[in-house]
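Labels A, B, C and D are assigned to the chains in the order they are written; within every chain, residues are numbered from 1.
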Amino acid sequence: MEVQVLPGRIPIIDVDGEIDHYAVPELESKIMAFIDEGHASIILDFSDVSYIDSAGVALIILSIQKSSPLGGKVGLVVTNKNVLKILDIVGITKLAEAFSLYSSVEEALADMSGEQRG
Amino acid sequence: MEVQVLPGRIPIIDVDGEIDHYAVPELESKIMAFIDEGHASIILDFSDVSYIDSAGVALIILSIQKSSPLGGKVGLVVTNKNVLKILDIVGITKLAEAFSLYSSVEEALADMSGEQRG
Amino acid sequence: MVDNKHRIERRLDVQSHTKNLALIRNEVEDVASKCGFSDADIYQMKVAVSEAAANAIEHGSPLGEKNQVHLQIECSPGRISIEVIDEGVFKARLPVTNGRPSHRGRGIFLMTALMDEVNITEGQEGTIVRLVKLKNKESLKEREHFPA
Amino acid sequence: MVDNKHRIERRLDVQSHTKNLALIRNEVEDVASKCGFSDADIYQMKVAVSEAAANAIEHGSPLGEKNQVHLQIECSPGRISIEVIDEGVFKARLPVTNGRPSHRGRGIFLMTALMDEVNITEGQEGTIVRLVKLKNKESLKEREHFPA
């Protein structure tokens, strides 16, 4: 996991590899701590994630539930077809409250930065 | 379903019989409409409920989710052992946010009225 | 060695409508009590079957009330097996409510929690949910320790 | 009439720890690809098996890492069957998070969504989850319409 924070820009959390029940506990505590530091809105960049299961799904929902009461929003970037299929099955792709799905980091930044400045 | 509203007292919604996927849609719209009328806190009296399944569980959770943002609370009265077992399995008995479980209407009124006056 | 006096088979086909859930539960109760299951066991299988039938009606009936739900109950001395069969395709999508994760989706979990065996098969003609409950589970466990 | 060249049986017993989930998924991938399943099918069964194994580790291992998780894979030409067996008792309780309904509890649903058959049995020695996937489902369906 790698975090990119630039002043005036929404932070990007870059996760790669397999997000399973083994990887999630550490990822979860890092992401929760990062939001707690005052980063209400984040971009989760899963472009290089090759595998996700229900633990990863729970992580996404938890991030939204943490970010939303702080007035923030979670942008999720997914490109892998198999990963997208899992997110579709559990309904993540249809979430609309404090959440958006993107196919690239650029798209996420363009869309979410507009809102943040408002 | 029978609703008892007395001035200065938390309204009691008395449900009896079987709360299944057939009964819930009507119950749900009535209870939601009732909360919408300005009754943030309610007591759901399930003392005479002989059967409940996941539709009834969803109804309880929905009531809490409707009542909680209005500053209200849902008190649930359950006496039937079989019904209690189902609520236990799905975790309802352990919910603590804007929700309490009681074994009699009197107990619910005594406990919830104190909080309401505060 | 099957005690044929206690072997019961029953089939029920009903219109796919939630108003028939009570009918389905009654059928289960009738057979299970004839088979000698306890009240607590009967209550649990009624809930499990009702969940499966509600899914058959809500998710497994592409033609709505024109479809049917099929119930097949088989009871041998120590065991009841109840199949709920619909005429649809398993829908692999969890519902979303107002853009938020849904408070629903507890039906399949309840079945597994209440029964000893749950089998969900996506058949050619429709989804088949088989629910099995064993009688006298404790005595079975004892048998393990004292083999005949 | 079974094509023995394509019949594979494999057994794996691992320590009950989530770090071994990747190992379990690799084993599934290895057998399933030897059996000729498509990449999409293999991905789906890896997720389903991983969910079952995660449950075995998190809910079905009363002694924690002292327990084992057992994987039994059988592949015949048109069909793979994967059993995940633990050493615990099925826990019939959904988790609650901070007094609110949990965002968890999607594992069993995912298994049913991704496989053609899911069987959960509360055995004497532990919970047995059997996951089955069929190959060439479309051709099976065609056969229905054009019987030999």
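The rule is short, and it goes like this: contacts are C-beta pairs under 8 Å (C-beta built on N, C-alpha and C of every residue); 3 or more make two chains touch, one makes a residue touch a chain.
This is a predicted model, so every value here is computed, not measured.
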Checklist line | Comparison of A-C and B-C by number of C-beta pairs in contact, larger one | finding: B-C
Margin query: On a CA-centroid basis, which chain has its centre farthest from chain A's?
Written below: C
Checklist line | Centre distance in Å when chain A and chain C are each reduced to the mean of their C-alpha atoms | finding: 39
Notebook entry, point to check: If you average the Cα atoms of chain A and of chain D to get two centres, how far apart are those centres in Å?
Noted result: 28
Checklist line | Gap in Å, rounded to a whole number, between the CA centres of chain B and chain A | finding: 35
Next item on the list: Would you please write down the residue numbers of chain A that are in contact with two or more other chains?
Entry: 61, 89-90
Checklist line | Sequence positions of chain D contacting 2 or more other chains | finding: 92-94, 101, 103, 106, 109, 113-114
Check: In graph terms, with chains as vertices and touches as edges, which category applies: line, ring, star, complete, or other?
Finding: other
Check: Every pair of chains that touch: which are they?
Finding: A-C, A-D, B-C, B-D, C-D
Margin query: If we count contacts the way the header does, which residues on chain A are in touch with chain C in the complex?
Written below: 61, 88-91, 94-97, 99
Next item on the list: Under the touch definition given earlier, write down the residues of chain D that touch chain B in their complex.
Entry: 92-96, 98-102
Next item on the list: In the complex, go through chain A and note every residue touching chain D.
Entry: 18, 20-22, 51-55, 57-58, 61-62, 65, 82, 85-86, 89-90
Next item on the list: Going by the contact rule at the top, pick out the chain C residues touching chain B in the complex.
Entry: 18-19, 21-22, 25, 40, 43-44, 46-47, 50-51, 54, 57-58, 103-104, 106-107, 109-110, 113-114
Note to self: For the complex, give me every residue of chain D touching chain C.
What the structure shows: 90, 92-94, 101, 103, 105-106, 108-109, 112-114, 116-122, 124, 140-141, 144
